[in-house]
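Pasting a structure here, questions to come.
Per-chain numbering from 1; labels A, B, C, D and E assigned in written order.
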Amino acid sequence: MIQVENLHRHFGGFRAVDGASLSIETGSITGLIGPNGAGKTTLFNVVAGRLKPTSGTVRMAGEDITGLPPHELFHKGLLRTFQIAHEFGSMSCVENLMMVPGAQMGETLWNAWFRRGAVRAEEERLREKAHDVLKFLTIDHLADQKASQISGGQKKLLELGRTMMVDARIVFLDEVGAGVNRTLLNTIGDAIVRLNQERGYTFCVIEHDMDFIGRLCNPVICMAEGKVLAQGTVDEVKNDERVIEAYLGTGLKNKVVAHG
Amino acid sequence: MDILNALVAFLNFVFIPGLAYGAQLALGALGATLIYSILRFSNFAHGDTMAIGTVFVILLTWGLQSVGVSFGPLPTALLALPFGIVLTAILLLATDRAVYRYYRRVKAAPVILVMASLGVMFILNGITRFIIGTSDISFTDGERFILTAGDFRAATGLAEGLAIRTTQGVTVVVALIAVGLLFWFLQKTRTGKSMRAFSDNEDLALLSGINPDRVVTVTWIVAAALATTAGTLYGLDKGFSPFTYFQLLLPIFAAAIVGGLGSPIGAIAGGFVIAFSEVMVTYAWKKVVTYLLPDSLAPEGLVQLMSTDYKFAVSFVILIIVLLVMPTGLFKGKSI
Amino acid sequence: MTAAAPAQGPARALLLAAFVAMLFIGTGLFQSWTLALLIVNMALVSSIMALGVNIQWGYAGLFSVGTMGFVALGGLSVVLVSSAPAPGGWAAGGPGILLGLMMGAATIAAAVMAAAKLPKGRIRTLGVAAILIVGFLIFRGIFDPAVQAVEANNPAAHGNLGGLGLPVLLAWPVGGLLAAAAAWAIGKTALGLRSDYLAIATLGIAEIILAVLKNEDWLARGVKNVISLPRPVPYEVDLQRSQAFLNWASSWGFDPITASSIVVRLMYTGLFAIVLLALIWLSQAALHSPWGRMMRAIRDNEVSAEAMGKDVTRRHLQVFILGSAVIGIAGAMMTTLDGQLTPGSYSPLRFTFLIWVMVIVGGSGNNWGSVLGGFLIWWLWVMVEPIGNWAMTVITTGMADGWLKGHLINSAAHMRLLTMGIILLLVLRFAPKGLLPER
Amino acid sequence: EDIKMGIILGFTGPLESITPNMATGAELAISEVNGSGKFALGNVVPVRADSTCIDAAAATAAADRLVTAEGIKAIMGADCSGVTGAILQNVARTNGVAMISPSATSPALSTAEDDGLFFRTAPSDARQGVVMTEILMDKGIKTVALTYTNNDYGKGLADSFAEAFTAAGGTVTINAPHEDDKADYSAEVASLASAGGEVLVVAGYTDKGGKSIIQASLDSGAFDTFVLPDGMVGQKLVDDIGAGLNGSFGQYPGTDSQGAELFQGLATAAGFDGTSAFAPESYDAAALIMLAMAAAGSTDSKEWSTKVMDLANAPGEPILPGELGKALELIAAGTDIDYVGATAVELIGPGESAGNYREIEIKDGKIETVRFR
Amino acid sequence: MAEPFLIGDAMTGGYGGADILHGCTIAVEPGEIAVIVGPNGAGKSTAMKAVFGMLKLRGGAVRLKGEDITTLTPQARVAKGMAFVPQTSNIFTSMTVEENLEMGAFLRRDDIRGTMEQVYGLFPILKEKRLQPAGELSGGQRQQVAVGRALMTQPSVLMLDEPTAGVSPIVMDELFDRIIEVARSGISILMVEQNARQALEIADKGYVLVQGANRFTGTGQALLADPDVRKSFLGG
């Protein structure tokens, strides 16, 4: 679905993404892991059009999409969430979701003024759908709360909910799990699998929770210092020496003593 | 062909006035940029703060003059300046208590503070005129020139003169020192850093034990010092009139913004950009060209790119071009 | 919300509207009804301007303070559309001016095209520069003589091309279009800027528009002003001379002079109210539609809106143009009401910041707030003068004659701005989100 | 009975530094009339209102308030041409209240529809351009640089002067406007200096951009002689600039009557600067209004406005500042008068000052009259 | 039982509208690690803010060493030796990493270089990036800056709102290690965590909060062992 070839993104002299090449197969749930600052988010930002690459190409289903603006990529079916939640603070949660679908007829002024009936019908459909999504995320009691006034984890859920409002081809999830309750995260994992299997979404998931990655992802790509460090099934990657050294570590040193 | 005369004409009519005007704008812009960077709003009352600070200085100067105090070759007003700063600081602190503090507490959007500052501007406007009237006042004394055009001509034998006013010299020097000090203060001192921290993330500043009241107080005091100094130096050079000071607001903000809001260095760079673009682009090069070319080629017309009608327009065009290339000013300013 | 304003929602709006209505009714009762109507008319125009600013700021968060420029363009359209053609003006140099302007436009178009087509690097820079310089010289070569010829044509009375002599009401939509066209060009270049940087850029552009208006005498006489523009309503003096009107007035027991000005002003009120109501309806319908939701989303978080498939640049351009057009219409209405175009009198304080005060005090993002703000602030702007004078009189009564009293009385005029400042601060203090907050 | 006279000037805004003296000038005439005890119609009360000078709508509202709520019988004002036009069209004509402006000089106002209700004591610019040309030609000056304040007054004067001067064989090297109340005039001075010229003609105001340009030109050695038209002639300018202005010359409205000196005496006694721009014109405007009322025996504008031209022009007994009491007596006695006033008022054609000029020169820090033209 | 070192006792309050906290109690002893877990929106962050005085309480009290500090401002609590890392916007984005750390030590008058070296030792990446504006860091790096800033205070109570959100496993382990060390030096640690299993492993005391009220309280191990808790809040 997505091919990234020799991608570079530099900030001043700093090479945040430094010649990464990877591909995300259609229909897969690909995990992207790597130490803090490895360049995962930067890679997402380049692929999703938020940042222009310094060099390199990005292809989506064979088509060169390098440097296209985010809104065009959205209409091509590429969706993403943000690591640091980007909610629309002054809007209610349900509105946050309703605004997502593209090409709504009511977004054209002409229709808003002169085809109000049709617009209203469309709104009803969207509202229902948004409520379903909220219910699924266990936050439908917050439907009318302003998005700036919900908890940190709830914001993350809302972020995820937005990708469920439209039919996407590929969804990039940047640490949906951080700050989300683990029980709920399991439910989210199930949802991702279902979307993947039933609706054929492709996913690329950044996550630091290895359990979550392990349950969901195949293959897994590990980045470090802007490059792809390792790639393979979860187990392969998990047991890779370099990955352990750079990323996973060997567990708590003090654990036993603390309760001694 | 007379390169020296051409150079002197250029210096006398373009470079020195541009430099002095740029420094005047920079001093004003420093105050505005400080308030923007710490208190996070564009203070529309800054021009009128400069005016009222200058009024204090003028009154004190008159007082000093009436008891016979003078400052040698320098203007007496410079002696009165520190006291003027104190009065202005008191006024600004009172204003903060009465007006701005409330909006900080309710965490109002910056635009609300801008509108509040507009209200303060109207009030200061009235008070200034109430104290000193509307007419134009000149309060400079001491030695007017460092170098007069006549002396220069006599000394060099050139046809062109070169004049430097004392106030121009003082302004340029003070502006440079003020920029340096402010930069050092914000970047290197504990208080300065705590002020930047406060402006970055107020809640977190609280969690670090930074006392917001102190930050705000220091900010207003420094702003008062900058505004009063800027107003006084400008008034010494060009005369004081309340309406002109109000009008200064526009070029001052232009300077602060083109330099990059929040950056002291940007303020001075911005001041010069605005000043020189006003003076240079509409300059009639006739005289300089006449000196440079042989007589037979002397130009008929004014050799002027645009008439001075458009000097503001031109300076704004340059400002816009700068911003299009560098969207947050020459020195990466803030934006809220 | 503060304790002083417990009422919420529609109740609050009604209460405030009633309060503002009381101000106008009070003005009518205690001062005069013609004055009250005069203030109403300008308040209507101000409301429309505020509505335009609200569309830009309240809907999309565009910190545009170029309001004055669009007001002036609206004013210009009145001259161009409705004033009589200047005798001999067109013949003196009209075609030359048009040709020159077309050359100028062609030059810019060629430069833009060259910039897009040529490969990056020195060639492009040089090529574009060459096109611009040559184009500029040709432009001046054609344009300047034509302008001189036009401006030399009876400069004391004309010196301009003059207008088309069409009905003045036509100038209102034309003013909107003119402002929209300018906004398109401005938006294409400057809308990439943010917050105060956009503000100073638009402020600068407004100054540039004004500089053109002041100095290009061939266009609308520059600072020499155009006065006696036609009206869409009859003149009071004509009514006063008309027997039918006099009979009608006396049958109702009205004084003919007062009756004539009230009738004329009511006609303006009607015209302006129609425009305002139409615009409000359109604005409200837009704001409460998915379009409005999209705009709010963009205002809240551009990055996220972009990722959700909204073309932020295009939408910004769209609201910028719409808002500017509304301001342009209001500018044309104002010039019609004044009956003259005086470029020297456009100042940012009056035509940009006062309008902003209306929007913010009314409550940004709320169309009715803008209207309320327009009415309230305009009333204050006009009435603070007598209020200030009155305050001064109160202070000085009982004071012994002398220097202080004289000084105070002479300072009464400055009480105007002082009073405005105090009231503005009080309103902001008790309604820091505006009188009618967005929600 | 109180008769209210509106004094509508820009007390705030760009003209705020000269309007207080204009208002005081007008009020001086009013107190003189009241003090004389000869004004049979009642006691004249001045009512000030702010024209803002830049906000036609606010000015219109202020004027409307004075007319419809305060019941003024005449308007002394307004000052700037823009607001004057708006008040004339939307208030004065509507309500049939006459106005005499002391300072609106726009030629366009001459042709405005006014139902005979509009007069001005400020001279039209056309005449002054000719007079200034004559003075320069007499001095043998053939090339001048010219700067004017960018409003209808400055532009009108500059245009009429440039036309007359060129026609007389002179050269205007540059004709550059300046905006008042701006931060800096280096650009203008630089261009003026570059263009060169024997003298610099400054068509501006005494305490605004014009003054700054003179100061900067002297400082930089660009020019040392300046030509000062009416807006620039004022003792304050001479005092502020000092010795540098010696030798500069100019002209302002006046005849060899003693009007101007007398007025200055009165002003000094009243404690304000009588040479301040348009203060004498304001005195004259107010005086004319009251004399016309006396002559018509009515405070109704429709009636007194018909008397204005008669009173202002010969023939008749000349009336100078300070002689308003005498004028009232003469009027009561049915004698024809010719109001000369502080600025030698002669109203021509559509009711504006005909313009006799006093040529002046600055000598030793004093404004000295050379001759009359 | 003696009064705990720091206690938020029966706290009730919210953000102006309806109450979020309903008589919730949280306490921690010196040298102890207390961990708060619970579903999203349960009021964990709110409880932390309440303890730190960033929220007005309608009922209940906060006491430090027996002294009632319910009405103190946050700055005053900093002066009393409390430090807090909020969940969101917890760094000065426009200031460099080093300045962020300096600001953490704002109230200290002694030499801070030693502490700073310790923080750099804990988070080596920060030393590399010390002159970079913190806003340019990656999500996990920011989190490290935030914790580092709090450590700079040398507090007697350290309150952390999800310090490990977004940090990589290796750093998370380091962080927990360091937290244990800090606790062992006698400092009280009060922490909200969604990486609940790891956190409870090292916790002396655990609170499960649901809808603003205490649902379960016990030692970390006890909670980990409770199947209800595991299933409903720890993801099985």
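As a convention for this text, contacts are C-beta pairs under 8 Å (C-beta built on N, C-alpha and C of every residue); 3 or more make two chains touch, one makes a residue touch a chain.
Computed from a prediction, not measured in an experiment: that's the story for all the values here.
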| item | value |
| --- | --- |
| Shared interface partners, meaning chains that touch subunit C and subunit D | B |
| Third chains touching both subunit E and subunit D | B |
| Contact-richer chain pair (by C-beta pairs counted) among A-E and B-E | A-E |
| Chain of greatest Cα-centre distance to subunit E | D |
| Cα-centroid distance, subunit B relative to subunit D, in whole angstrom | 35 |
| Chain centre separation in whole Å, for subunit E relative to subunit C (CA means) | 54 |
| Distance from subunit B to subunit A - Cα centre to Cα centre, in angstrom | 49 |
| Subunit A-subunit D separation of Cα centroids, rounded to whole Å | 74 |
| Set of subunit B residues in contact with two or more other chains | 129, 307, 309, 312 |
| Multi-partner residues of subunit E (each touching 2 or more other chains) | none |
| Per-residue overlap in subunit C, given as positions that touch at least 2 other chains | 214-215, 414, 416-417 |
| Pairs of chains satisfying the touch condition | A-C, A-E, B-C, B-D, B-E, C-D |
| Parts of subunit C lying in touch with subunit A, wherever the complex brings them together | 282, 285-286, 289-294, 296-297, 299-301, 303-312, 318, 438-439 |
| Contact set on subunit A toward subunit E in their complex | 11, 33-38, 40-42, 83-84, 138-139, 142, 149-154, 156-157, 175, 178-186, 208-211, 246-255, 257-259 |
| Contact set on subunit B toward subunit C in their complex | 36, 42, 44, 99, 102-103, 106, 108, 111-112, 115-116, 118-127, 129-130, 250, 253-254, 257-258, 261, 307, 309-310, 312-313, 316-317, 319-320, 323-324, 327-329, 333, 335-336 |
| Residues of subunit D defined as touching subunit B within the complex | 13-14, 16-17, 19-20, 150, 173-174, 176-179, 181-184, 186-191, 193-196, 207-208, 211-212, 215-216, 219-222, 236, 240 |
| Contact footprint of subunit A on subunit E as seen in their complex | 15, 33, 38-42, 45, 87-88, 125, 136-141, 143-144, 162, 165-174, 176-177, 180-181, 183-184, 194-198, 201-202, 221, 231-236 |
